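Take a look at this one; I'll ask things after.
Chains: A, B and C, in written order; residue numbering restarts at 1 for each.
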Amino acid sequence: MTDQNNKTNLILRAQNLSKSFGGVKAVVSVSFDLHEGELLGVIGPNGSGKTTLVNLITGFLKPDRGKIEYKGQDITGWTPYRIARIGIARTFQMIRPFAELPSFKNLIIPLYSPRVKALSGGKYGDLDAVAKDYLEEVGFERESSVTYKPAGSLPHGYLKRLELAKCLALRADLIILDELFSGLSIAELASIVPIIEKLVSEGKTVIMIEHRLRELFRIADRVVVLNYGSVIADGIPSEIMEKPEVRKAYLGSE
Amino acid sequence: MWEVAIIYGFINSVILALTALGFSLTFGISGVPNFAYGAMYIFAGFVSWLLLNKLELPFFASALIAIAFTAILGAAMYRFVLLRVRGLVISEVIATFGVGLIILELFRYLGFSGFEYTLPVFSDGSLLIGHTYVDYQRLWIVGVGILLAIGLYFFTHHTKIGLAFRGIAQDEHTALSLGINSDRIAGLSVAFGSGLAAVAAILILPRGTISVNDGYDVLINAMAVCIIGGLGSSVGVVLASFIIGYAQIMTDILSGPQWKMIISLIAILVILVVKPSGLLGKQKELEERI
Amino acid sequence: MKQRRKERIDRGIKARSDDVFSLNSFREMLYVAVPPLAPVLILLILPLELPSYWQKVLVSTCVFALLAMSWDFLVGVGMVSLGQALFFGVGAYIAGISNKILGLPIWIDIPIATVLGGAICAVLLTPVLRLRGVYFSMVTLVLPLMLERIVEASGAFGGTEGISGITPFPNSYTESYLIVFATLFALFAFRRLVTTDYGLVLKAIKDNDRAVMSVGINIYWMKAQALFISGCVGAFCGAFITHVYGFVGMPSFALDYSILPLSSAVVGGMGTFAGSFLGAFILVPLSEALRGIGGLRIVLYSFFLVFFIVALPEGIFHYIQRKYQQFERWVEVDK
């Protein structure tokens, strides 16, 4: 890729983002650029501000300082729903599905979004059928019982997939996954990783917050390391763990 | 005239703050919305009246016992009603509201109304401040009110249980991991708030007869002050009390007492539009952990 | 060791996905049709059969059932109102003013009061929607009581005297059937509404508002819509009663209009609307029958309220529904 190409491809730019809670500095002057089609991993020890960063980008928290640009537009201080409408989807670290609803009905919520309505020509139509399509895409067997089971009773692996399906249903361009891999078995991981790889190959941009470094490094194009709220490293996966400050941050905390 | 406004505005503000502080404190500590607050206030009034007139106890003894009883009632409400629905906001609201109604309407049914239901003033007579007469009871209210505020500050910042209160209020999880029993603290906070309602009742009620309807008024006023000041913020409550307290006295003097309530209403509507979480609301909009 | 345990089995006909079921016999058809048809038939026949006193009771029962449903709807979106009296009172005053002072005929002022009342309540309460938890309850509790005091103190809209001489309904059948139809309509419309995609989103807001926001839905706008819908129902009740009594005044903001609907919905069972309906049809006639005990009535309602919310939060309707849809039998189990 040439330099010029990179510039036109810029999708997200964070500049000097800072956020503190009372005395705790959760995010300190974080800046990074993200290009279309990239898979960015964000890692860091517990409490290093990863989730806070996600909340800042998606509008759930207002930054104390700094600026966020998405596709050249300044979105700092926008409400979460406005940000979602322009194509940024996220998952939550604490997954809380709509427990009483059947799995496929969980997707009605994103499908009801004004974004989806606008993208599909201004009408909602039969959402149930569309919902089942998306579930199939993330590996729910079509017309199987899991599709109809209350989401509260789904196994962990399916819950994570359901979260992914929500991002798909929203037809987001930038997808932010907050610790999607946590708590998954190797087998479950093996079935989810291809879905993410497929997303990237389709041109979506993905940010993955992860503690499962091995799995992340296999698929990430680039990794940003946070410690005490600041970026201490930013580079390609194969080199990132070699940096002394990263080793120190991780060894120091474990 | 300005002198009257300043003096009576101050007294009115202290009264408002006194009636609201307990509600705000309970909520600030444990998140329990005590909608039975007005009932606790009236309960204290009638209990101390009964002790005083039926058992013929001395006034201060009956007042202290009434405060203790009210606190116990609060604790009992927590133990037998709230504990079972802890964490379900809908149920907490409905349950405390229902308990309050039961208490208030039971008093009404039992015929507790009339001129004989009065509490004695602490001391008779009045004092001339400048050109304005102020009766001793109002001075008592102001004095105790201010002492109480200082005492509360000291209590929450320097005693063990007060610090535990604040610990729970600030971060329940950390407090739990430090071995603070959040259920016990929440129960205590409800008892404590109810006790404060009782203190307010003993101080304020001698100014007139005790009537069940006052229970609703106290609840409305407490809510109004908390909405304006910011729920759970004691400083906010005091600030709001002074704003409303003075605004009420000014409207009273300038355009008649019937407009007093309108001031509170306007204040509520304005604050809802300008800053829904109240002047010093701790509850920042959705800024919670996700 | 042998132990006895209660076993519950779904009756064969009830398909869990509640979309598809096939009816194989007339009996099964009855089984499905009776529950929704029974209230319809009873309500349609009652106004013809009841003596005029009990007809009034029916009317106020329906009003409380409507208020209870409008309360229940709000709870389903996560808003616990302690002041349906606000909706009721606003509707009542708009109807009274537009009928008596502006001279609008009854069939015009009721719809106006319904829609305008709903809109006013929604606008008044919208700012609170940005806050979670008990703020909504506090504000809804305070506003109607405050408005009552203000009307009293300022003498606005007739003050303590209220406005009387408002056009009554042409006859008692119009009156009864209007409210009966309104109640049935609301019952089925609400029950239908909550199963639509729109209703699903509303419910999702209650369960997890952040997840809903994160897909681009403006939850405040959705909640304001819910407020409007609920407000319209409440305001309609107020407007209706104004014409029944030919009078509107401070009592329209009274606590009764907040408490009784709340008790009805909780006792009947929240979240089903049929529960609110059932609760009102138990509590309101009961309170008429118990008029002898006077003031103890409110104590009794409140007691029911607390008892059910603490001990039987699912309410009567769920219980009946379970009995109707499931067999129960004692079985021996090895322990």
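As a working rule, contacts are C-beta pairs under 8 Å (C-beta built on N, C-alpha and C of every residue); 3 or more make two chains touch, one makes a residue touch a chain.
Computed from a prediction, not measured in an experiment: that's the story for all the values here.
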Please indicate which chain is farthest from chain A, where distance is taken between mean Cα coordinates of the chains.
-> B
Most contacted chain pair (by C-beta pair count) = B-C
For chain A paired with chain C, centre-to-centre distance based on mean C-alpha positions, whole Å | 42
Whole-Å distance, C-alpha centre of chain B to that of chain C, is 32
Once you find the CA centre of chain A and the CA centre of chain B, what distance in Å lies between them?
-> 46
Of all the residues in chain B, which ones touch at least 2 other chains?
-> 286, 290
Multi-chain contact residues (two or more partners), chain A = 60, 92
Enumerate the residues of chain C that touch no fewer than two other chains.
-> 210
Residue ranges of chain C touching chain B (in the complex, touch as defined) = 75, 80, 82, 124, 127-128, 130-135, 137-139, 141-143, 145-147, 149-150, 152-155, 210, 255, 259, 262, 266, 294-296, 298-299, 301-303, 305-306, 309-311, 313
Write out the stretch or stretches of chain A touching chain C in their complex.
-> 58, 60, 79-82, 84-85, 89-90, 92, 96, 98-102, 105, 108-115, 124, 127, 148, 166, 169-170
Sites on chain B touched by chain C in the complex | 27, 31, 33, 35, 81, 84-85, 89-95, 97-99, 101-102, 105-106, 108-109, 216, 219-220, 223-224, 226-227, 231, 257-262, 264-265, 268-269, 272-273, 276-277, 283, 285-286, 290
Complex contacts: residues of chain C adjacent to chain A = 17, 197-198, 200-201, 203-204, 207-208, 210-219
